[in-house]
Every structure is written in C-alpha cells, then in structure tokens.
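Chain IDs A, B, C, D, E, F, G and H follow the sequence of writing; residue 1 opens each chain.
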Amino acid sequence: MSRDAKTPPAGYDVQREHMLDFKVDEQLAKVVESDAKNFILTTVDEVFNWAKLSSIWPVTFGLACCAIEMMATSATRYDIDRFGAGAFRATPRQADLMIVSGTVTGKMATRLKRIYDQMPEPKWVIAMGSCAIGGGPYFKYGYHVVKGVDQMVPVDVYVPGCPPRPEVLLEGLMRLQDKIRGRKGRFVTPKWVTDYAKKIPYRK
Amino acid sequence: MEQNAIYELLAGHLGEGALAWHEDAVEPWAEIAPERIADACLFLRDDERLDFNQLMCLSGIDWDGYDENGKGKSVAILGYTDEGQPETTDRTADGDLGVAYHLYSHAQRHKFTLRVRVAREVAEVPTVSHVWPTAAWHEREAWDLVGIRFAGHPDLRRMLLDEAWEGHPLRKDYVMPAMWEGVPMEGRPLAKNPFPATEPATGDDGPGGPTPPAEA
Amino acid sequence: MNVGLPHYLTVGAILFALGLFAVMSRRNAIGILMGVELMLNASNINFVAFSRYVENAVDGQVMAAFVIVLAAAEAAVALAIVLAMYRNYGTANADIAQRLKR
Amino acid sequence: MVQSFQDIYAAVHSALVGMGVTIKHIWKRPVTLQYPDERQVMPPRFRGFVHNDMTKCDSCGICAKLCPVDCIYIETEGKGKDRWMTRYAIDYNKCIWCSLCTENCHTGSITMSHDYDHSVYDRQSLVYEFMDPREQKIPCHRATRVELGWWVEPKEEKAKPAKPKAEAKPETEAKPETEAKPGAGSDAKPGADKPAAGDRPAGDKGEDK
Amino acid sequence: MEILTSWLQGLPGFGGMSDQGLFITGAVIMATLMFTVMALCAIVFTWMERKVAGFIQSRYGPMRTGRWHGWAQAIADMLKILGKEDIIPAEADKGLFVFAPLLVLLGSLLAWAAVPWAPGFTAADLDLGLFYIFAASSMVVIGILMAGWSSNNKWALYGAARGAAQMVSYEIPLALATIPVILHTGSLNTQDIVIAQQGGIWHWFVLRDPFLFVAFWMYFIASIAETNRGPFDMPETESELVAGYHTEYTGMRFAFFFLAEYANLFLVSLIAVMVFLGGWWSPIPGLDFAPALTFVIKGVLMVFLNMWVRWTLPRVRVDQLMYLCWKVMIPVTLLCIVGSGILMITSGAAG
Amino acid sequence: MATGKIMNNGWADQDHVPGIKSELLELNMGPQHPATHGVLRLLLKTDGEIVYQVTPVLGYLHRCAEKIAEGVNYKQWVVYTDRFDYLAPMCCNHAYVTAVEKLMDVEVPERAEHLRVVTAELSRIASHLIALATFGLDMGAWTPLLYCFREREEILNLLERMAGGRMLYNYMIPGGVRYDVPDDSWVGDVLDFITMLERKKLKDYNDLLSYNKIFIERTADVGVIDEATAKAYACTGPVLRGSGVKFDCRRDDPYSVYHKFDFEIPVGTGEMGTVGDCWDRYMVRVREIEQSCRIIRQALDTLPDGSYQAIPLNKIVKVPAGAAYSRTESAKGEIGHYIISDGGQTAFRNKVRSPSFCNLQVVEKVGVGQMVSDLVALVGSLDIVLGEIDR
Amino acid sequence: MTGDLIFILLALLTLVPAVWVVLSRNLVHAGFALLFTLLGAAGLYASMAADFLAVTQLMVYIGGVLVLVLFTVMMTHVPRGRENHGLDRYVPAAVFALLVFGVLYKTITAVHWHAVTPEAEPTIARIGTKVMTDYIFPFEYVSLVLLAAMIGAALLTREYRPTDTEDAPSDAGEDAEVAS
Amino acid sequence: MSMTIPLGTVTGLQANYATVFVFILVGFVFAGIALGAAKLLRPSNPSPAKATTYECGEMPIGSSWVRFNVRFYLVALFFIIFDVEVIFLYPWAVVFKHLFPVPGMGPIVFWEMIIFLAILTLGLAYVWVKGDLAWVKKLAQHPASTTPAVAPAEEEVPAS
C-alpha cells in the first residue's frame, strides 16, 4: 500500500489549509474590516502578526513520550521547520512557544511554570497529548500527575492524541497561527461526529 | 544451581530459624528474618558457589489486604473520581510490609528470590546497599513509594517524589493528594454533560454541538 | 581651538593623574593594575604626540609599541601574581596580602 | 609526531567522508511529507479518533468499562424497555487511542476512525458528544429498537457484508482471526479495522464532498 | 569613499557642500550601507542556513513563509524578534547586560569598514586594513565576556568563558595564517591584497604555493572557530550549555548577537575570499564584469562551505579545541610563514 | 596528592583565610536541558569544566505507573507498559506479557512469539536509532539525528501497519498478540527495510558519525565504566555489554523464542580506547542493530502458521495467585516485572525493574572527574529514557 | 573644526570612563570602563596619524590585556564584583594625583613646544623598517621579555603548586593530566 | 591611497579613521533605532517570576558570580604573548618584500624574524611540555580526588 501518498486522499479539503497563507481571506477580511478605522495600524499589526505566526520558535521542552513525537515533528519526515517553527531554542528567553509535550508531574509543574514565566511575551502554549491536556491515562491513579497543564499555564491550543501524530502537532501549530492571526479558526469538532448524530432518525 | 540447593546452602549459613522456604510457588522464594537479610545477602554474594553478583530487582511491597489463597479479594486502591476529586475511605490498612530481592549470578547463571516481611509499624529493614551498590536507589525508591526504611542506608532520601511529599503512594491505603505545594493534583470535572436540557449549545468553539458551520 | 600638542599632552596628564589616583586609592591588586594601565596609556599618548608634533618620526611610535608590548607582558605577569596571591592568601587585596605575608 | 600526523590525516579523511555523505543528500529529494498539502494514507488498522456509530450502539457500557482511562461517558435514563441513552461522549482529554474499547463492543459500533488531526482551542471541545439529547434519545433495549425501526443486526451478520465493502484495503487478516478466536471476540476486530466504507470519512470533511 | 564623495559632489544638492560635510555625508552613507548589508546578510544567511541544513538532512527547511521556499522566513524572524518582550533578569548586572550586545554588534560592524567590495570601493580604505579587521573584531570577545558575566547565569558564564578563551585563541592562527599572504603583497591594505591576485585563478594566493594552500585551510578552520560555529560552537553548545552566553537574552538584544554571528560569518568568508581566493577577480582572467558580485558570490560559497561543515561534523570538546589551536594550528601556521618566506626567497619573488 | 590540593586548584573564596577550600559552582543540568534526554535533573558541582559531583534527581516524570498497575486490569496495564520505554514500547510490552504468562502458565502460540520477536526487534532498532541520534546530537552532530529519525519513521510505519499505533502500540496481550500480519506485503516490506538499513544506512551513520575522528575523540576513553562497576551497579543491556560483558537475556536467560535464532552478542572491545567507554557503548548499539536485523530475518523466514492468540482478545485475563519475576531484554537493558497476583483481574503489586534506572545510577560514580562535555557524552551513551526511570 | 570636535569627543571618551575606572566600586565595571578608555586612546592615536599604534592598541589592549584583566577579576571573585574601600585613601591619593597633575600641567603650559604638524603618512612600513634596523636589539630583547613573561606567568599560575600551608609535590598534578 | 580632504587637523590618512569613527556613531544610532523601534512595538509585562535567572527550570543555587577555572585565564595569558608576536609579524611581513632585496638587509630581515619566532616558539614548547596547554581532564585519575565530592551512596565495588 502506498503510504507516501503525496497528494491528499479523496475527500480531503485542501482549501481549508490555505487559511495559513498570508493573504486576506474572507474571515480575516472581516476582522480587518472591523478595525478599518486606522488603516495603517491595521496593516502594521497585520504584518507583525504575520511575522509572529511565521516564526514561532518553540522552546525545547520535552517531557515524555510526546516529546519524541515532537522531535519526530521537527525531524525529516514532518519537518516543522517548514512553518518556520523549527528553530528550537534551548532557552525560554528566546522562544515564543512552549510545547508541553508529555506528562506534567507535580514536581515538574512548578518548573514548567517557571520556564513559562521566563519566556518573553508574546508567548504561546500548546498542550500536546492527552497527558498535557487532561492527565490522560494518568487521570485516575496519577497521584503525581497534574491533570491538565492549563491548571498551571494558559494553554492556547490543545493537540489531542497519545501521542498525537506529528501531523496533529503541525495542525495544532496551524491553529495557533490562526489564533495569532486574530481569528479562532474553523469549527473544531470533526464533522463526522455531528454527521453521524444527524443521521440518527428522530424519535417520534 | 538448583533453587533447593541454594536454599540449603543459605540455610546452612543462616541457621534454620532465620528463614523459611516456599518451594511450590511459581518462583520459589526464601523468607528471611529482616534482621538477617544483610548477612544473607553478603553470604549469597561472597560464597563462590553462589556468587550472586547482581541484584536484579528489589521491590517494596505493601501486603495489606493480600489473600494468600488467591481468591482475588485484594482491596481496591483509591484513586481520583471522574470529577477528579480524591477518593477517601474509612478503612485503615494493617497488613505487613515486605521487601523482595531477586538475585542473579553472572557466573553461575542462577537466580534466587528472597523476601522479608516487617510489621507495618516497624517498617525497617537493614540495607543491602553495601552488598550491591545498585540497591541504593532501589531502596530509596522503596522508601519513597512504600515507606520502608532501610537501616544503614547512606542516603535514604526520597527518590521519585519530592522530599516534602506526604505519604507513601504504594501503600494500599494511600489517599491521593488534592493539592501539593500549590500544584493542583486533582482533576477538573470535564465530563459534565454539555447539553443541559434547556440551554442551547453555542459557539464556534463550543463543544461539539450539532451546529457545524455551513460547508462550502 | 586648534588642536595641537598641548592638548594631547593635557589629556595624557589627566589620564596619568587618574591612573596615579587609582594606584594609590585602590586596594585590590587588579584595581591597581588598571591604574597602571591608565598611566601607561598616558605615557603612550605623550610618546605619540611628541613623535607626531615634535619630531615627525616614527621612533616615538615604535617606543609606544614597545610600551604596549611590555604592558602586555607586565599585565600577564602581574595578573599571574595576583592569582598566586589570591590562591595563597585568599584575597586579591594588596594590603591584606601584605599583612598576611608576615 | 607520526601519531599526530596520522591523527590529522584521520581527522581530515573522516571529515571529508562525512561531508561526502551530507552533500549526497543535498541533491536527493527530501523525504519530507508536506503535511497540509500532502497526507499519507493511513493503514487499515490505524487508530485515530474513536468513533461510535450511534445507530448501532445499544449503550451496553462494555466499552466504558474496558477503557483503561475511563474516558467514555455513557448516560442513560429509564429502565428496562424504556431505557434511553441520553449521552454518549468520549473525552479526548484522556483517551489514549488504545483501541481497547473497540475490541469488545458486541455490536461493532465503536471503531477507531482514521481521523486524527483536530486541535482545539478549548479543552471542553475535546469531549466529543456523539449525540444530542435535545434532538433525540437513543433506545437501549433491543425490543424498543426493533419497535422503533432502528434495529441493527448483530455483528456476526454485520461483519460479513462489511468485508467485501472494505476491498479498498488490501488487508485480509480477518480470516485467520475468525478462525483463531472463538466467539464474538473474533468479530470485534474487523469492526475495529474497517470503516464501514462510505460511512466514515478519511478526512474530516467526509467523503461525501 | 572617494568614489562616493565625488559622486556626491556631482549631486545637485551637494554641490555647494563643504568638503567636510561631503566627507561626513559620505561616511554616514557608507556606514549605513554596511549596516544594511550586515542586517541583510543576517537575514539571508539565516534563511540559507535553514535551507542548507534542511536539504542536507533530506528535508526542506522553511517552506511556507512567503510561498517560495520560505524566502521571507528570516524577515519574519527579524520582525517577530522586534516585537518580543525584553527581559532583563533581576539578578543581572543591568548596565553591562544592556551594553554587551551593542558591543558585539559594534565589533563586527567596525570590521566591515575595511572590506574591499570592488576596486576602489572600500568604506575605509585603511593602510592597515587586514590588521584593522582582526583588531576590530577582537572587541567582540569583550562583548561576549560582558554578556556572559552580566547575565549572572551559570550557563552564560560558561559560554562566555569558553567563548572568550576560544576566540582569543583562534585569533592567533587566524592572523598568522594571513601573514604568508602579507609577505607576498607587502601591504596590509585590503585593496592592495586583492589587486595582487589579478590574473586568473592561478594567481590567487590559495594556489600560489603549497604553504599558502595550507595556510588557507588553517585560516578556514580558525575562521569557523572565530565565529563560534560549526564543530567549534563551544560557547553556544546547545546540548551542554543551554544557549551559552546569550542564554538570558531576549528580543532585540538577542537579535544583535544573532546579527553579529551571521555578519561575522560573512565577514570571515569575505576575508578568506579577499586574502586567498582572489577577491573580486574572476577565476578566468579578463572576465571581471561585476567585481562586487563576484566577490559576494565567492563569499556566499565560502559561507556555504562553512554551513556544510557545520551540519556534518560533531562538536569538539573544549580541551580538544584548545589542543587544536595551540598544538596544531599555531605551529602549522608558523611553519607556513617560514616556509612561504623561504619559497619566496628561493623563487626570487621577494623583491 | 592531598585532597585539599585539588580543591585548591580553584581559588579560595572567602577573604583572608589562607588555604581555604575553593567554592565549587553548583549548577542544575536539567530538568529542562537538552542533554538530559528528558526531564532528568543532574545536580552538578563543577570547577571550571571539571565535574566534581553528580547527583541525579529523578521523579520529574514520575507517572505513578506502579500504582496504576494495582488499579487497572492486566490487559489495560499493557497500555501503560508502552509508556515506560516509549522508544521501544514493543520490548516493554513483551517484557510484561512474558511476566504475566509466566504466572498464568499459558502456552503462547509460536506464531505469536515470532511476531512478538519481530516487532520487539523492530522496536529495538527504532530505539537504538534514537539512541544513536540523540547521542550524536549530544556530541553536536545534528544531521545523524535527522537521518536516524528518517529511518525510524520507516519502522514506525511498519509497526503502525501492524499494530495501528504510530508510537505506542498496545500490541501484545497476555497469551499472544493483538493482530496478525496486516497484509501480504508486510513481511516483504520489513525484509526490504532491514536489508536497506544494513546495507546502506548503517554505513552512512558510520561514515558520518561512528568513525568520525572528532566523534571518536569525544567518546573514546570517556566515561569508562569498567566491568566490575557495571556489574556492581547491575547495569544491563548495551551499557553492560559495552563494558565487555557478554550477557544478554535473550541468550543467557532465554525467553520467547529467542533460543531458536542465531545471533551474536556484540560487546565493547575497546576498539578506539578503553573497554567500556562511550564509544563502545555506542558501537554496541550499532552492532545490535545489525543483529536485530538478523533476528528479524530469521524470525520472518521461519514464521510459522497457526493462531496468534492463546487467549481470545475479548477475554478478561485473570492471573492465578502467586508471584513471579520475569526479565527480558529491552532496548535499554534488562527489564524485569515482578508481579504479585492475588488471583484477581488486577495485579496486587507490579514492580518494574527498569534498566535505565539501574544504568543511570552509575553516573554518580563515573561522572565524577569528567568534564561537563564528557558528562553529556556519558549520559547520552547510557541511553536513558525517563519514562521508565521515573515510571 | 571637525577635527577639534573629534578630538574633544575622543578625549572625553578616554577620560570620562577613566574616571569611572578609578572610582567604580565594582571591578568588573571598572574593567569594562577601561575598554572605553583604551578605545578612546586608540582613537587619539589614530587622530595623531599613528594608525599602527591605534590598531595595536585595539588588538593587544582590548583583545588581550583587557580580556586577561576581566578573567582575573572574575576569577578572584570579589563578592558580587565589589571592592570595599573607604574614603581614607581617597584624600591622600587625590591630593597627590592632583599635585602630579599640577606639575605636569605647569610643564605643558610653560614650555613652548616647537610643534609642527606635518602631513600624515602611512606608518606601518616605516615602523617595520625601523624595527628591522634601528630597533633590532630592543626587538629581539622584547621577544626574550615575552618569553620570560610567558614562562613566569605560566609558573605562577600552574595549578598544583605548593603553598604555605600545604606541601604537595609541585608537579604531581601534571602526571595525572591527560594531554588530550 | 590616502585622501586629501582638508578636515581641520583630520587630514589625509586620518580621514579613513574618521570614517571608522563615523561607523561607531552610526552603529550606535542604528542600534538605538532598532532598540527604540522594538521598545515601541514590544509588550512589556514584567513580573518577578519573569526576571528570575533561567537555570533549566530550577531555581539557581547561589550566584554565578564565582571565580572561573584558571584554565581560561591561562589561555588568555598565552594569547597575549602570541598576540604581541603577531603585532610584530605584521610590520615585518609588510616590509619583508621591500627590505629583502636591499643589499645587506636580506639575511638580517629574514633571520631576525626567525630568531624572534624561535624564541617565542620556545615559549610555546615550554608550556606545551610542561602541560600548561593541557586541561586537567580526569579527576578520577587522582586517587584521592573523588572524596571531596560528597560521597554518593556508594560503597566498595564488590569483586564480581
């Protein structure tokens, strides 16, 4: 079977990803329109937003299994550098993004908070993996696991999975870019969930 | 060497009173009086017929609620509820604590299992870290998680948890912490049904509601 | 103002005086050394000024170059001494070291 | 002296060899998959988001029980024939995509989809609600379901028609499995692997596009 | 400069300007130009580095920023850095902390003054050009020490100590490696050095005699070390010292280090081109159409070589670095000087 | 030489006191540091570049796995074993199911064992690739990292086809494996891959890294763990073998079907320096990749037909009361499970003896007197994975 | 005019930091202030057409001596980089320094210098020639001095030296050193 | 090469150095502009936590302003000596070509520098042989040396 399909499989909507490009599309236009009073400012803002979203430098912050997937994301096959986010900085001082990739334990949580604090603004956090999102598999008996990193630091994007595939992290990054761009991106619940819900015949 | 033969040798060294032999188990094991364990280990290591130069594993065990006859009656441990709150119970644990040693000899290629059992209130076993350096960390871990103190250990600090941590998690009656040094350990109830009968689900980012945006 | 020799010499003199002040007031051996460097620089300024405005030859400059070189050598040795002193007496303070010596 | 020249030679030589390896790669086409524009086709067993086909599920709760992380929330109301499911949700805050839930579903309704990329801005949105009780409730009891006309055949029957439909996937392991495993367990598997073709989209937009 | 001032004189508004005014205007324009080039090379080379690294590692590197192969990546980086918050650690020595990046930047900017871009086109056509370049860039060392010390961060301190020791050490082979060339040219003026290599590839100093060839490679290695890159990135060693001396630096101040790093990278490459690789002369005599372009292209090729090395080799250890410098490179360069001198004498080139 | 002298090579700290001890710089390497491979924290006391004391501080990834083992049933717990050594999850699965089977006394079908061996060995290769990669990265070589990850992706793809998960598989169950070979081409693809790896890629790594002079200089004679130390600290796996001890559970304490296969146990020979130095440990991994390829080839060539599950997938596993310690050779070394069962659905106690935990301990001893860079090399060459140290 | 301005700027660049060097309580600050003094001095040399000297100043003083000084300051670790000194020394030192300055200034102003301002010329060739001819012996002598300085400094800083209180063999450390 | 623009006393040769001076000023101006622009653009939200020193997520133990290891100092020390050597080599190299043909000067010029180099090389050889260029690397090779480190939990390694 061909794994390396270079083209999207049937039914995949390429269009939706083009929200990434630095181009005013409808939704962005709406945002812009509302600010249209000060055109220059908006443009400058736009340019800087573009810069911010095109150059998100993550801090090298690997915690657990997900960190390996984070590495895989930055590695050959998925290459997060394509998004300009490949410049992993070892020090939080120069980073924009903290990818909390893995289980946040009680002992680590304070350190995580400190590292987050030490990052200069503007800064973002991606919670990667079930553990970082909500304790994941360690929810029930994890006496030493923080159930959700959002209890420690504000999280911008949640990337589900255990571990999330590299693609998902990339997708999360794109959602973060959307967020920086000033819009909340597209509807987030996958369509198939609601589709199936719709298919069920009504009672009565 | 056969397990029985090893036991014979060990028994010869320690004298009969100090140990008991459980032969029919999946893995035969010798139960040793706690105060003799270091002695026994030294013997096992230094006797050239035995030559147990590797301590494969050292496990601390909380025997509370264990049913020897194996009817699956062990007590359920406490966790967090779905809402993320720590579960509590009135039950007080009372069983013994124990330590199991698994030994291996690179030269003789045989294994041996030792166990000691101490009362919960005593919870102190002599260290074997001078016999096998590797025991140092295992013992620290056992102290950390099960709360067995190892007498004579050079550096008996907690291993995995913080020094300030309360309780020993692998004890059967351990109650999960709700908060630790300002870090919330409890979960947040996420399982709430987002569809209260009256309120409509809303929003772009709202939970997966039935109102997807119109597709192109 | 037409900048000429006296101006440079004055700068040199001020620098020299500052260096002297540092040498006298500093207790830390390295501070003293810095003062010495200032004084050497002052003398170098003078050398160059004379070489330019009086003699118009490069001898003064060669001299100054030698001074720089020797200053480097001096700094190397002096700082090594400071370190040795620091190691032996636990301080880089010249006075204290002197007292300890006894 | 000789040694140090040998060292220098070794250093230069090995550096050149290494540089040969790297320069070789410059001309090669990168192996990178340019994700948003290119995607790989997932293998049949791929475990994406868990999906539950609500038309089949009878809220027996096996999946919730088997889930190691307790992330399936099933709520019902009523009793016996009048038992209705009011909620079926999977909490991706916790789900670890282990597929244990799909193994034992006796109706084969819960499956691992091939959809995997849905980042969200809000942790709440990761609780996927598979039904909206305001719109409908789902009858649990078999008799009620039959009565209401949405009875779905038990898996044994379901599995077989499903197989030919999955012809797109070259996997054929369903056969040895059924031989190997006695009872209903054998049929949990195909359900886990195979999307009922046409029902389940590969991408989030669905194949109906 | 002369070209510039005479050109300025020809401009309408500048005709009546005094000579001093003209001179200052010219100098300011030149400095601005150099600064722009410097900033530009940081932008171009960060992008290039990421692409080269990408392709070496069989991936793409930046692809999406600005559509075509992420050409706008470095611009975005710079803009973003401009908008980053500036943090001065509470424990730091504030004055020095603030000043250190400026010094590093200045050190590399100053050195740019003497680069011979094209015949007669040098910002400051110094008689001591080459010497001056080395001297000016030695200020960077102080900047790095300052940065590391003032951060009051242990990793930064390590980085600074290593960096300073490394940079001062490698300054020697760097300077020594150029001396055989000076023997041939008899001038330190950068223009003169390039002019002396006229006449095709065989007149480039790198191919003049075997000692010069060795000296070139010594220079190349020393220049990598001097710019703290490649296998010699001891001060920044990501895997050891978190980010070295700029661990605590954020935003624009970090960008200055960044800028200086790439400016220095290009600078040492340009010097290599100028001293050994025939400056603006094209390999084939008589084909010198665009001197400045030739010069820059050669420089970029050197930068590429530099990157290639960087992405291939593992990093050496501190002591090995020092070993290499003091026990291999300095003796070898000294040997090159003597050997080249003797060759000059025997071949009658001296005189 | 007196102790004080060494201390005094750095200078005194307090004023006025002659001959006082120098102040050592205390610094934290980790928990967030690129060289500690996760969230390990090494508390260093250094003098300049020389490390005087290393104290590993663990627990930053303590995920309470052993507690969870007492709460979830045997099959669910497989999921958590994946997450110990998340670089070689199959090996961890294998270790665990072996232990459970030992207690349950079930006969595992041959085919299942073969599949286990194949997947575990693939996993081992993947893990070793990461070990090479990160070790190279510690040494400052970026590019091998990317190459190794590229090859690892292939393995992950193969395993994903097999088990459905990309990184964490949940593939083995007590009594067999969850799935059979996915499709007809899978076996061929695996063989193709290992052939390619053996023929081409390993050569690339060797050219780029193993035999690079700088790399050798950085790793040979560095962080030497001699045989006695390795044994005393119960080091296992490549660390022990790097010290020249020919010991491998797969051979010396056979489990599964490893006794059927013909493979060698590479040991450190001190080819570039001393036996037991970082280079040896590194090279043992490279050679083990070759051996794993051999094993895979044999296992696939002799892949028997038949069932692959002794216990049906939908059966809840109950283990008779008793206790057993079972050990297997994972990518990092000997992983042991000590399971005490009381006859119920969940284990009464499940102690995991993780190889990295024991291997790391040696840092306290060997790390002393190294340079900071060498310490990085030492830690890198131990190839620890925090998920299994902290559990 | 511009020349004057440049001179004034350079003189200020030399002198103001020099004051800082003298007065700063933090030795590291003093060291960094010294940087500017040296830079200013180099500028002054350049303005006097002593370009070789200016560049030498940059290279040796700033690139070398200053680095050395800073290293030493950092090594001797004055707590928080501060030096305690009281006023007791300032007064006599200031008086004496002012006195010296007075004398010097008097001399400068009193003497009528027969100053000339010739055209500036490139100096390096002339210096080179001078060194090779007139100053040949000082030149060789300098090399000896440097050798001595190097050996002396190396001796002084060698790591395992006997001290007053301890009497370990002086070179014991070296045997164990691994020349790597 | 020198330009003759009457610039007060800054004439001819110095003109180029004046350019350098302008470079310094322009450098500062540009840096100032960059910092100023950044100041306008960047958010500023200081907090005590943000200003803590980064040390891998832990709180630093003590100040980092402690003394360095002497090694780094030694390197700088040797550098300074060789730096001076370079200083003299440059004038020599410049005049070598011109002075060598001068009758009577050739051998002097050549040998003078050879002697100069030889003397300094002697110094290099001295420190080399004495081991000052080597880093003390293996503490473990000093038998007594492991003791200063607070003994970790280790005992005698048993013979195995």
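The criterion applied here is as follows: a residue touches a chain if its C-beta (ideal position, glycine included) is under 8 Å from a C-beta of that chain, and two chains touch if they have at least 3 such contacts.
As the structure is a prediction and not an experimental result, all values here were calculated from the model.
For the pair chain A and chain E, chains touching both partners: D, F, H.
Within the contact network of the assembly, the step distance from chain E to chain H comes to 1. Interface comparison, D-E versus A-H: the higher count of C-beta contacts falls to D-E. Farthest from chain G in terms of Cα centroid separation is D. Taking the mean of C-alpha positions as each chain's centre, the chain lying farthest from the centre of chain C is D.
Chain B and chain D have CA centres that are 35 Å apart. Centroid to centroid, with C-alpha atoms defining each point, chain A and chain C lie 60 Å apart.
Centroids built from CA atoms put chain G at 73 Å from chain D. Counting partner chains per residue, chain C has residues 2-3, 65, 68-69, 72-73, 75-76, 79-80, 83, 86-88 touching two or more of them.
Listed for chain E are residues 20, 24, 54, 56-60, 63, 82-87, 126-128, 131-132, 149, 154-155, 161, 164, 168, 171, 188, 238, 242, 247-248, 251, 311-313, 317-320, 323, each touching two or more other chains. Residue positions of chain G touching 2 or more other chains: 1-4, 7, 49, 51-52, 56, 59-60, 63-65, 67-68, 71-72, 74-77, 81, 117, 122-124, 127, 131, 142, 146, 149-150, 153-154, 157, 159, 163-164, 173, 176, 179-180.
Against chain F, in their complex, chain A makes its touches with residues 1, 3, 59-65, 67-69, 71-72, 75-77, 90, 102-103, 105, 107-108, 111, 115, 137-138, 140-145, 162-163, 165. Those residues of chain B lying in contact with chain F across their complex are 25-27, 29, 53-57, 59-62, 66-74, 76-77, 79, 100, 102, 106, 109, 111, 113, 132-134, 136-137, 141, 145, 158-162, 169-170, 172, 174.
Across the interface of their complex, chain B is touched by residues 58-59, 62, 64, 66-67, 70-71, 102-103, 105, 231-234, 245, 247, 252-253, 318, 320-325, 327, 334, 336, 338, 340-346, 348-349, 351, 353, 357-358, 361, 365, 390-391 of chain F. By the touch criterion given at the top, residues 1-14, 16-17, 20, 76-79, 82, 126, 130, 133-137, 139-140, 148, 150, 155-162, 164-168, 170-172, 174-175, 179, 184-185, 188-193, 195-197, 199-203 of chain A touch chain D in their complex. Of all residues in chain D, only 7, 10-11, 13-15, 17-18, 20-22, 31, 43-47, 66, 68, 96-100, 103-104, 112, 170-173, 176-177, 179-186, 188-189 touch chain F in the complex they form.
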